[in-house]
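Attaching a single structure in structure tokens format; questions to follow.
Per-chain numbering from 1; labels A, B, C, D and E assigned in written order.
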Amino acid sequence: MTIVFYTASAVAIIATILMLTRANAVHALLDLIVSLLAVAVIFFVLGAPFVAALEVIIYAGAIMVLFVFVVMLLNLGEPATRAERALLRPSMWIVPSVFAAILLAEFIWLLVSGDVPPSAVAGIEAKETGMALFGQYLIGVELASMLLLGGLVAAYHLGWRKVPQTEATHVSHP
Amino acid sequence: MILLCLIVIPLIAGGLAWAVARWSVAACRWITLLAVTADLILALVLWGSHSPAGSGTWLAEADWEWIPQAGIRFHLAVDGLSLLLLMLTFFLGVLSVLASWREITEAVGFFHFNLLWILAGIAGVFLAVDLFLFYFAWELMLVPMYFLIAIWGHENRVYAAVKFFIFTQLSGLLMLVAILALVFTHHSATGAYSFEYGDLLGTAMSSVAEMWMMLGFFVAFAVKLPAIVLHTWLPDAHTEAPTAGSVILAGLLLKTGAYGMLRFVLPLFPHASATFAPVAMILGVAGILYGALLAFGQTDLKRLVAYTSVSHLGFVLLGIFVWNPLALQGAVMTMICHGISTGALFILVGALQDRIHTREMDRMGGIWSTAPRLSGAALFFALASLGLPGLGDFVGEFLVLLGAYQQSIVIAALAAIGVLFATFYALQFVQRAFQGPNTFNWRIPDLVPREGLVMAVMIIALLWLGLYPRPVLNTFEPVMTRIEQMAPGR
Amino acid sequence: MFPIREGFMISGALFTLGVIGVLARRNLLFVLMSIEVMLNAAGMAFVVAGARWRQPDGQVMFLFILAMAAAEVSVGLALVLELYHQFKTLDTDAISRMRG
Amino acid sequence: MLALLWLVPAIPFASALALAVLGPRMRARGVAVVGTGSIAISAAISLVIAGTFLGAPPASGAYTQTLWTWIDVGSFRPGIAFYLDALSLVMTVVVTFVSFLIHLYSVEFMRGDEGYSRFFAYMNLFVASMVTLLLADNLLLLYLGWEGVGLCSYLLIGFWYQDAANGLAGRKAFIVTRVGDTAMAVGLFVLFHNLGTLRIQDLMHAAQSQWPAGSSYAIAAAALLLGGAVGKSAQLPLQTWLPDAMAGPTPTSALIHAATMVTAGVYLIARTNVLFTLAPPVQFAVAVVGAATLLMAGFSALTQNDIKRVLAYSTISQIGYMFLALGVGAWGAAIFHFMTHAFFKALLFLAAGIVIEALHHEHNIFRMGGLRTELPVAFWTFLIGGCALAGLPLITAGYFSKDLILWSVANSPAGGMGLLAAGIAGVVLTSFYTFRLIFVVFFGRIETAVSHRPGLAMVVPACILAFLSVVGGFDKASFEALLNTALPHFREAGGGMSEALTSVAAGLAFFAGLLAAWYAYLRNPSLSRAAAGNPAGRLLHRFWFSDWGMDWFYDRLFIRPVVWAASASKADIVDSIYDGLASAAVLCYRILSATETGKLRWYAAWIAGGSVVTLAIVMWL
Amino acid sequence: MNVTEQDFIALLPLLILAATAIAVMLGVAVRRSHALSASIAFAGLVISFGSIWIAAPELPRQVTPLLILDRYALFYIALLTVSSMVFILLAHGYFEKSDDDHDEMYILMLVATLGGAVLVSSSHFASLFLGLELLSVALYGMIAYPRRRPLPLEAGIKYLVLAAVSAAFLLFGMALVYGAFGTMRFDEIAAQLSRPGFDRWLVLPGMALIITGFGFKLALAPFHIWTPDVYEGAPAPVTAYVATVSKGAMFALLLRYFYKTGGHQQAPLFVVFSVIAIASMFAGNILALLQDNVKRILAYSSIAHLGYLLVAFQASGDLAPMAVGFYLVSYFVTTLGAFGIVAVLSDGGRDADLLDDYRGLFWRRPVVAAVFTAMLFSLAGIPVTVGFVGKFYLVAAGASAGLWSLVVILVVTSGIGLFYYLRIVVAIYSEASQAKAGPVIGAPAVAALIFLTAALVYLGLFPQPLLALIRGLTFG
């Protein structure tokens, strides 16, 4: 169990690092999906099989597909990748990495200095989760639906294009 | 009810004047004049009907609930001191309306609106005995003043207006903090929220707290007064303001600072004030000398007069913190007379600027030969400014000095040297502007009857105050006695 | 026995990587991906916390995060499309006009 | 009749007011009538009052009239009140009467001047102030008059305002005297603070009873009052304004020198003699100041070319005599000399005015000459005045008064040989410069043609004054008797000189000076030129001519530093503090504003950085 | 855990908001009409506002662990709905000038308002998070709404990325707190916090990260950096909305959250909040000093204003909710008014956001100028305006708690702040440089401005009723 956990963790982290350093968007997306799948394994280890499944289905599945669609729509191609590579100079990484390293260091320092938290013995079944979801979190589910509605309307409005000539007049505005 | 009218009449008339100006500029001016005159008459009626040996603290009072949540009341009251200052307010109000009768041609309605609202604000300051209301009025008078300077001012008006606004607002906020601190101190002692002046008097507090609160009030009033170091907004504001603005600034707004010291700083924080008094006195004397020196150095007439205000108000500050009957009454007397004499000087300089379109003394000279009445009036008020006996300013300054001598010989002597310095700038003013050869061949009309009337009234007032000031002195004497008795150890 | 502390550490590490991505990448697509990493890490932290207390609440929160990520990404990608259409680039530095 | 007292200052004051307001619209004749008439009435009233006073003196020797309480603050209650005793009576009568004559003279002298009404307004105000000063019952009212005369001197000296130099002279007069006034004001504080009143009589009694002789309060108060007195009376070291004051019209000079203003200091000291008696060092200082001034001014007078400046220095010198007298406790002698001086000095100025007007406002004596025949009236009156000034023995008033002073100096316990020698040397000098003037102006060749001859209004006052200059000193005894009702008797020290001795000495001194002048300017004019020509003489001449370099000294010591300081701080140094704050704020703005780069990554970094900092604070606090 | 009838009644305002969003969408399906959509949305808001009186008798009510409906929540819901109504009035005229579809704006706005309402009544991390995201996601759409214009688009992208990042921070923080306590309910967390010996090593970083999230939404320094760009880029009415509804709901939540947990009185957090307050007051006021873009000036000033609010927040005590409540009302009125003026003076092409656009406004349109001046003076805290009373209460709250250094900094920085308000005022009253009268102002916008001005003056003179109302607010 422990070995699985650590392996999955290592995979998640390495895949994420790879994703961050890719110039080609599609490659990066694939790395990200690997990372997400690794996280799904971790969830499984943590005794949360329901969210592990959702992670695979929705996150790695649906959401990433959305990304892929957009990449395709934009038709970025090889020139974009080259341009992107040009931007990936090592110096770009220094400051963010320092920041993040401090953040992580602070965080880990805290975790290590604290007491070891008690560990649960049993996992949580999908049923339990479902009960909670449609029990005390019912309103939350409704709100999440409104959230998706809002996202839908916004994405619809922003992504929708009119006939080209009226568009041209708008674009000409500074 | 009269007290409320004193504030409400200008407020309403202000709105009316603004509205009417759309159709008739003359009507707007007349409405303004009538409103201020009405207030002046009301104030005079109050003065006439009061009995100097009155029993209570206040001669008249009006009290309504306002924000009971915080113990804030709409409480107006008047005693001898505030009554006199109210009369001065509306007296100068009338004169400044007359003085700007022809000067203002743009946005006349808005101008008179602002003028009236300033007067209402000042009246509110002098009338309020609820600290919140006081602060309210205190801030309220700034805004129209700001507009007066910023819209109808001269070349550098924006800079001056902004500087004025920021100085006074910032210091006012410090006072607000002090007011609240006082209220909470009072609250923790009694369990009741109250902004009442009467309730807050004698609030028990630690000496450190008292000192800080006192400083909060002091800074606000010292900026208005203005005490040296905090004075630099004044020359700019006075110089750039239109005539009416300068008159009200010098004649009234500065007095609100002194009034605040007398009404709040000393009575509310007697011990801290006593501890602080030497510093304040030194500030006063430094102001007297520094103001006089700078006035001597100026070539811009309005700037010159502005610095004389710094100098004269130094006497007021000195007199207040000397804190004995002579000096206190001298300080109040100086306030009143300075209002008239400096107001008159600003009117004259305004009239002159109107005619020759400059305030630079280097561009003047020999005005006397073409406008003798104007020049003569200027001479008169210059003499009042240098403290000539027989004119009002002398009485005040002499009393301050006499009182100051009982505190400290050195301070009195230095302040007396300040009077000597006054001679320098006053004579320089007369000499360079009005006497000497008429190098630039000015040919200008002399004072018109309207202006002549204004000058005559002011001259008579100063002579009266200089030769027979008793009625005035007696009006505020009980108040000063009370304040004097609040000094610790007395 | 679930590795709770390690779980927090891993989620923290992933979160940090997401932060690095947002700070370092100029391509908007990568920025959005990095945000996904961050959100995922936060969701993972919830799951870990839920596991610690043996409660379903952590997982419910993960679901909500999932919904939010979906909404977020859809709007974000719509903006990416529009942006690319107007500016012909996804470089966040290049699209910046407002400053000061 | 004494109740009319208040009218003496009130009428000139009222007429001054009337002339100021209505004057510009009145015709010249009307102005003259109002301006002169008011003083005439005032003089008449004072004569009537004098008659009443002398006929039936009030029981206490003084009459007090209170008009109203001026200021009323606690125990400080000075009134507008007048106090008449022998001292103020004499002064008032002389002042009003001489002023009347000067006004009369001005009616003609100033005719045609565009500021005719203004002139009379100022002159009337001048008289009103002076009379107020004299009659004041308390020191505050006295101070009012005191400042009033200072003001009027300023106004009149700068009367012809279009010449900036006149304005400068006027300002100088006002400011220099005000330096003294400031000291005096502080003196008032001392007195009020320690004695609790400013009423002069109460003060004197209180001082007498509360302060021992030589008490430091008395010394301080007396010294401060002396400061005021030297300023107004143009004594060392504040004498520099008076010679410049000649810029004003000649009648003004006459008024300032003869009747008003400069004698105010003498009056003040005489009035507060108790204080000075209680402060022997100060009183001695008065004497020394007087002696030094009379000598210095005498030397300066020797070198002047301007006829009025010579007279101005002679005034300073003569006031020095009065101070000398005051300093030795000869109060009466001082007032006596004041009176005779008022007559002959007014006379000299009026006569000089005739000369000046006759010669197109020529002031330089070396462009005059031989006027003896051209302007006989001027010559004779000037001669009489000059003799009185120089002290022609036995005939002139000036001789008697000066002689009395010399005798007092010789016989006072406070006096001494040094002071006496100075006094006698002063007589020689006076005689010398007076006759130098007379010989140069009225004898010798005619240098400038006479264009204008005086009318009756100018001649009559001169003649009356000439008469008074001669007879004014005859009845010394009854005058002293009168004054002794108000002033302490002169305390004679035993073993002094006899009166005859001092008289003879004074007479001899007079003739010595006369002879020297005759020799140097009539008999052998080349001598004076040679004396002025050699290097030492030239240096001395320049030194004396410039009033012993005092002006130069003051200019360097006070005026330039003040002017420099004023111009240096014109822009208000304090304001730079706030400018600095504003610049600091703007700097902060520039720095912070640079953080708003518009770059998304940078913004995200801020958020991450912010949470790093927050975390850090949380962890280590 | 059943939802009862009473729960529904208590939830009515929220339900009606959600229903209205659907209704507008259905309306669009039938007929695309700007006026219709706006009317439906407005009516929905009015009904929602009215339903507060229906809901009021059921108070206070805990509806599932997620939401608590108490007087406090209802007060802020009322404030949010009224602000949204004003937004509609302003937005109608503003968007009418450009030819695009406008209906989605109202749907998004209703969703956002719902989010705000959820925020102010949330009692649980989940509802906090959902409310926040409802608000955020709708705002992405609203900010970038005129998507063909480059500035709104840029603003939208920036807001989206940064909001998402900060949401991630917030979530991570919440996860840590949850990990420490095992509960996500505020009251239980408060109870745990008051007990010693909790897992500080999880709680404190959790709190710190939550503060990051809040700080971003409230635009407090150092998380303020996005504000000017988004304010400038967003269409003026949306800017008003971002500045008021979004921030106001968040601050109300902040007060509730920390007031309940008492977390901000913990020494480290107290320091953090103090540092944030001071930094915000300074940064906001100094950044605005010489700014030439009115929207950016207002953006920076809003940073400062939130800093002021934090002073009262820090003060805690009885006065804090009152001061915060009143100040928020005053801030709402004034900010809506100020951006409202910008909105009505803008034409379809660009917003009238440069200082030069306002030069000489007084001589061209005196009434508009006067209203704008009143708004600016209220922001500056000058008497007769509501801002004065608001600032008075802030200082009072700070003073009552003896937070002298914070109070003095408040005073000093607001003194600096005067300068840039006056710069706008100066421009308004300077000599007219251009004769252009500007666009015609439609009746709805006029109504909105009249309402705001009246509120500004009335509350400035007679704050008592509102104060009494706020004083009566209780946490459930």
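Basically, a contact is a pair of C-beta atoms (placed from the backbone, for glycine too) under 8 Å apart; a residue touches a chain by one contact, two chains touch by 3 or more.
None of these values were measured; they are calculated from a predicted model.
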item: Given subunit A and subunit B, the chains that contact each of them; value: D, E
item: Third chains touching both subunit E and subunit C; value: A, D
item: Centroid comparison with subunit D (C-alpha atoms), farthest chain; value: A
item: Result of counting contacting C-beta pairs for B-D and A-D, higher pair; value: B-D
item: Subunit D-subunit E separation of Cα centroids, rounded to whole Å; value: 78
item: Inter-centroid spacing, subunit C versus subunit A (mean Cα positions, whole Å); value: 5
item: Between subunit E and subunit B, distance of the C-alpha-averaged centres to the nearest whole Å; value: 42
item: Computed distance of Cα centres, subunit C from subunit B, in Å; value: 64
item: Per-residue multi-chain contacts in subunit C, two or more chains; value: 4, 8, 12, 18-19, 22-26, 31-32, 43, 48, 50, 52-53, 55, 57-58, 60, 64, 68, 71-72, 75, 79, 82, 86, 92, 96-100
item: Per-residue multi-chain contacts in subunit A, two or more chains; value: 95-96, 99-100, 103, 106-107, 110-111, 117, 137, 140, 144, 147, 150-151, 154-156, 158, 171
item: Junction residues of subunit E - those touching two or more other chains; value: 126, 130, 133, 137, 140-141, 144, 147-148, 150, 156-157, 161, 165, 179, 202, 204-205, 228-229, 291
item: Every chain pair meeting the contact rule; value: A-C, A-D, A-E, B-D, B-E, C-D, C-E, D-E
item: Footprint of subunit D on subunit B - complex, ascending; value: 163, 228-229, 231-232, 235, 290, 293-294, 296-299, 325-326, 329-330, 366, 368-369, 372-373, 376, 383, 388-390, 395, 398-399, 401-402, 405-406, 412-413, 416-417, 419-420, 423-424, 427-428, 431, 434-438, 467-470, 473-474, 477
item: Complex contact set, residues of subunit C against subunit E; value: 4, 8, 11-12, 15, 18-19, 22, 28, 31-32, 35, 38-39, 41-43, 45-46, 48-50, 52-53, 55, 57-58, 60-61, 64-65, 68, 71-72, 75-76, 79, 82-83, 86-87, 92, 95-100
item: Residues of subunit B touching subunit E in the complex; value: 66-70, 132, 136-137, 139-140, 142-143, 146-147, 150-151, 158, 161-162, 165-166, 169-170, 173-174, 176-177, 180-181, 183-184, 187
item: Complex contacts: residues of subunit C adjacent to subunit A; value: 1-10, 12-14, 16-27, 29-30, 32-34, 36-37, 40, 43-44, 47-48, 50-60, 62-64, 66-75, 77-82, 84-86, 90-91
item: Contact footprint of subunit B on subunit D as seen in their complex; value: 20, 24, 68-74, 76, 80, 118, 140, 143-144, 146-148, 151, 154, 158, 161-164, 167-168, 170-171, 174-175, 178-179, 181-182, 185-186, 188-190, 192-193, 562-563, 565-570, 572, 574-575, 577-578
